[in-house]
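Each of the two complexes below includes chain A, the first together with chain B, the second together with chain C.
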Partner chain A sequence: MSFAAIREAVTHFSSLTFLLFAAVVVLVCRLLPKRARWVWLLAASLAFYAAGDWWYLPFLAASVLSTWGLALLIGKQAARDEAALTAARSTLSKDERKALKASQKKKRARLLWVGLVFNFGLLCVLKYTDFVLEGVSGIASLWGAGPIRPLDLILPLGISYYTFRSTAYLIDVFRGKTEAQPNPARYALFISFFPAVVQGPICRYNETAAQLLEPRDADWTDFSAGLLRLLWGYFKKLVVADTAMTAVRAIVSDPERLNGAYAAVLIVVYSAVIYGDFTGGMDISLGLSRMMGITLTENFNRPFSSVSTEEYWNRWHITMGSYFTDYVFYPMSISKPMQRLTVWGRARLGNGIGMRLPVYLATIITWFLTGLWHGASWNFIVWGLLNGAVILISRECKPLYARFHKRFPGAKENRFYQAFCRVRTFLLMGAIRSLDCYRDVGVTFRAFGSIFTRPGTYAELFNGQALEALGLPVASWIMLLAAVVVLWLVGRAGDRKKPAGWQVAEPLSDKPLRWALVCGALLLVILLAGQYGIGFDASDFIYNRF
Partner chain B sequence: MKKHIILTRVLCILLSLVLVTALLWAAGRVLEPKYVTVSPEGSLTAEYYADAAEVSHDVVFIGDCEVYEAFIPAVLWTDFGISSCVRGSAQQLVWQSYAMLEDTLRYETPKVVVFNVLSLKYGTPQNEAFNRMTLDGMEWSSVKADAVRASMTEGETFLTYLLPALRFHSRLAELSDEDFRYAFAAKPTVSDGGYLMQTGVVPADPAVDNEALKPLLTDPSLPASAMEWLDRMTALCEERGITLILVKSPTNTWKYWWYDEWDAQVADYAAAHSLAYFNLIPDADKIGLDMSTDTYDGGIHLNVSGAEKLTRYFGHILTTTCDLPDRRTDDAYAPVWDRRANVYEQRKTERKSS
Partner chain C sequence: MNQLIDILHSLHPDVDFVTETGLVENGILNSLDIVTIITEVSVCMDVQIPAEEILPENFDSAAALWALVERLDEA
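After this line comes the complex of A and B, so read on.
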């Protein structure tokens, strides 16, 4: 294996090279004195990041230095402003103090905006330039202009994640929720911490930085629960997600033929893919961090047990959702233009619509941005807008639900009704999610429509051969089904008071023999049934792309 | 923390690791291709050990498909009294042939080693499937470890040779009865002393198999790395007092062209190292080969009829150029070889009638 190949493999969580790298980092971290650990973690994180491509580093450095420097300026400015305000308290009237405060805030806001424009500007240029050029080219072609060639700009690993992490920090410093970190190297560790840099979670500085800068001594529970969660993550990724992905690829590669029932299968199977892939990746990140005595923020909480879309989005990709809520939706909802819109709407359109208008607009813009964040394509934009639309429709239907529950008071607690709500939410989210898979929006909608217009395909689906045509032999389908049942059973097992990711892992730590046997069994299943090595096309984690 | 708690935890982890390794080994036995009904050439390497345990060999043929489809130990026995075997595999590369020689020397020291030179055209690892067929059956030693390291293609890892389940887990969904039947039980022998019998006839197609269509060589010399391995083979034979003979099987086809430039280089090498080199391509008529009847795959390889003709022809060369004993009256050899010759004839009759 060449050095370049080793370097590249380090950044792939599913590679043996990454595991060896991670093992060395964990071991050395435990052996070093507490105060030196953050230096080691920073060195390891930068090495990991540079392993992807040396050219990623300047972009990471730009993000780190800009947000660190501006946050420091904002912090110092805030301290000076506070001192000036205190000094002038006795000499100024209430209105004058208010005016002074506002002018001080404006100064700090300018610094904040510089940071936001620079960082989001960088993200937009690198991620969306070709998407915009494609659109411009399409429009220009209407007037006979030739195609505009894409620029194929470099897209640094995890840029969407670290841009969110760094801008959240900058905003928190501006809001006075977090103190600015004076040491750029320490701040760089927070941004670049290798288990989280590629696909999150999008941790907040005040929740995570202290742990990173002085990781506690990982004890037996940390090690054992972390290792078990790490293995569980690989099980989800290599046994569930990558196996199911074979069928997804087969269906989307031939949507003209494999539609109808196959499109319905895609909705269910792709849910297994994305769940296994993304939550598996998180389990690996969180498990690995825990082995070093660091507890990262949870990103999932049994999302498929959600009974509504709103609940689903409180349980799925939690850190991204809270970012958009805290830094986009709320500030936008209470912004001056929105307040003016409310006033305008109430005067022109009445109280009901006038009150709803800003919330609706903020919701749609937030979901548009959420879609755009996921990827530079119309599929993701439509995906975001559809999610927003479903949430708004659900909100509008609330009185209807209330009437229903008044009529059938026991329904909420009824297990069948709950199961119905869960299945409905699962299918609805799955249907919207199929936009991830197909090549464009039109193909996705046609495939979705065929579910209802091509009933003949349902009989074809279960004749055995059709399942094999999706690239998986019957035995693999059975193994996949068994793996999904295991996921479901484990999701219901353990200590429900603990966070979803630790509910089984932590209690098992107290029983070393059982823990060791479970780890062994999991390792064996991953090694035998996992999609890795020659003969398989073990795919990268889907959320690495974002 | 109390010592016994730490000890308990360590013991639990060790127990689990031992269990996982044992189960992986067992799973590997099931998952490994058995090479009995499909791709039987994958069994050739492993079959040598039982063969060598029964009787020693005066001549060992080493090389790729051009030896295991061309030289028949049973015919060398019946016609010349030579005790021989073939250590060849599909696309056996030159460093793998060197490993076969080294491995053979762990069990016996033949008087003559015949090496087929076609594989000298490859200087780098080629194909994972052929690597596995050649090396998986080899018994573990430093020789095998070196051969694995030298042969691995991109994406292959040494660990998968130690624990084949890590490679062949992709077969989990396609296991057959054969995989379970021979997982822990002995497999039927597919070769006759390393010769893999083919009885079909598919004549060569002159439209394709035409030397005029031979593509031009971009680099006329054989890869330096391949020649280095030949050097090592020569040195090892010299060190152990073995006569090394270089040979080129009498097939020259669109699939595996043999070039005059390569031939000249091998001839020069042989002359420089005082080795005998027999390019049998020009001898096809003398051997009596008829590519409309003596090949089973359009001229790429010989069938049993062609292999018998070649073996008799080469047997004469061996007996005239090397001082090889006729073992037909030797009680240590005769019973074993007479039985093997019968098995060979029976197999031939069965294959031809089926």
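After this line comes the complex of A and C, so read on.
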């Protein structure tokens, strides 16, 4: 293996090189005095980041320095504004005070906008230029113009995640929710912390920075709970996600032949893939951080137990959802233009529609942006819009649900009804999620339609043809099924308000024998059934590409 | 306060806003309600509630919301 290959492998959570790198970082972090740990973590994080490509670093530096500098300016300006307001308070009327505050806020908002435009501008140029060019090329071809070649610009690792983290920090400083960090190196650690830089969670500065800058002495509970969670993450990724991915690849590579029943299978199997992949990745990030005495924000909380789409999005990719809610949806829906739209709508379209109009418009725009954030393709845009549409339709159906529950008052507590709602939400989200897999929107819709129009294909699931077509032997299916049952049982166990990953790790941390047995069992299953090793290229984490 | 209670009642006539202290925590108010309340407070009471004040603790009860409106009006 060449040095370049080893260097590149560091950035892949499922590589042995990464595990060795992480072990050294954890060990040295524990041995160093508390005050020196952040310097070590910063050095490790930058080394990890540069291992992907040296050219990623200037973009990360641009994001760090721009948001750090502007936040500092905003913080200083806010302190000056506060002092000026206090000095003038007794001489001003209430309206004058409000006017002064508004003009001060406007000045600080200019600095904020510079940071937002620069950082989102950079993200947009690097991530969406080729998508725009493809669209322009398509339109130009209608007039006989030749194709425009893609620019293939560099896309720094985790740029979507660190742009969100840095802009959230900038907005929080503007809003006075957090103080600006005077030291750029300390701030750089918050943005680049290696377990979270590639696929999140999108932590908030005021929840995480203090822990990063002075990690507590990790004790046995931290170490044991962290290690178990790490292994749990690898189990999900290597045993569940990467095994199931073989079947998904087979289906999407030949949608003309493998449709109908296969498209239905894809909805279920890809749910296992994305769950194992993304929540597994989070378990690895959170487990590794915990071993260093750092508790990152939870990103999932038993998403497949949701009885509605709205609940699902409160449980799936929680930190991304809260970013869009706090920094996009609410500011947009309560903005002056939206308030004017409400007044206009109520006067012309009636109270009900007028009240809904700004919220629904903001919901659709937010979901459009959520889709776009996931990737520069129409698949993701349609995926986002469909999620938004489902949420709005279910809101409109609330009076119907209320009537139903009035007619059947015990339904909400009925286990069968709850199970029905969970299965419905799971299938609905799975169907929309299949847009992740197929090459374009048209193919996805045709595949989905074939579920209902090609009943003949269902026989193939039972006569052995499907086994061959999906590329997984019977033993792998049995192992996958057993692993999914384990996930399901863990998901049902313990305190439902706490994430399943927590449920695995925390309660066993003070029971050394059971902890060792579970760790050993997980390790054994990963070694025996995990998809890795010579001749096998472990799939990269799906959410890394965002 | 009465004006605020009227706004809340227009959204959920069946809720006792004088005693309820878990409007957000218990899922009574959703994002649509919160945006509507903010718009109504702006139109009827001329008080702007900024996005950074959209916190569960500010919307969990009518009393907390009234305290927020008073604080913003005084600022």
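Operating definition for what follows: the second predicted complex is superposed on the first by the 537 of 546 C-alpha atoms of A that agree within 3 Å, B and C clash if a C-alpha of one lies under 4 Å from a C-alpha of the other, contacts with A are read in each partner's own complex, and residues count from 1 in each chain.
Basically, a contact is a pair of C-beta atoms (placed from the backbone, for glycine too) under 8 Å apart; a residue touches a chain by one contact, two chains touch by 3 or more.
Note that the coordinates shown come from a computational prediction; the quantities given were computed from them, not determined experimentally.
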item	value
First, second, both or neither for A:Pro473, with chain B first and chain C second	first
Chain B versus chain C as contact partner of A:Val504, first or second or both or neither	neither
A:Pro512 touches, of chain B and chain C: first, second, both or neither?	first
Partner chain(s) touched by A:Ile267 [first = chain B, second = chain C, both, neither]	neither
Partner chain(s) touched by A:Leu523 [first = chain B, second = chain C, both, neither]	first
First (chain B), second (chain C), both or neither touched by A:Val239	neither
Chain B versus chain C as contact partner of A:Leu60, first or second or both or neither	neither
Of all residues in chain C, those that touch chain A in their complex	30-32, 34-36, 38-39, 42-43, 49-52, 54, 73-75
Contact footprint of chain C on chain A as seen in their complex	94, 97-98, 101, 175-177, 310, 325-327, 329-331, 333-334, 338-339, 342-343, 355-356, 358-359, 362, 395
Contacting residues of chain A [partner chain B, same complex]	1, 5, 16, 220, 472-476, 479, 512-513, 515-517, 519-520, 523-524, 527-530, 533-536
Complex contact set, residues of chain B against chain A	8-9, 12-13, 15-17, 19-20, 23-24, 27, 31, 128, 154-157, 159-160, 165-167, 169-170, 172-174
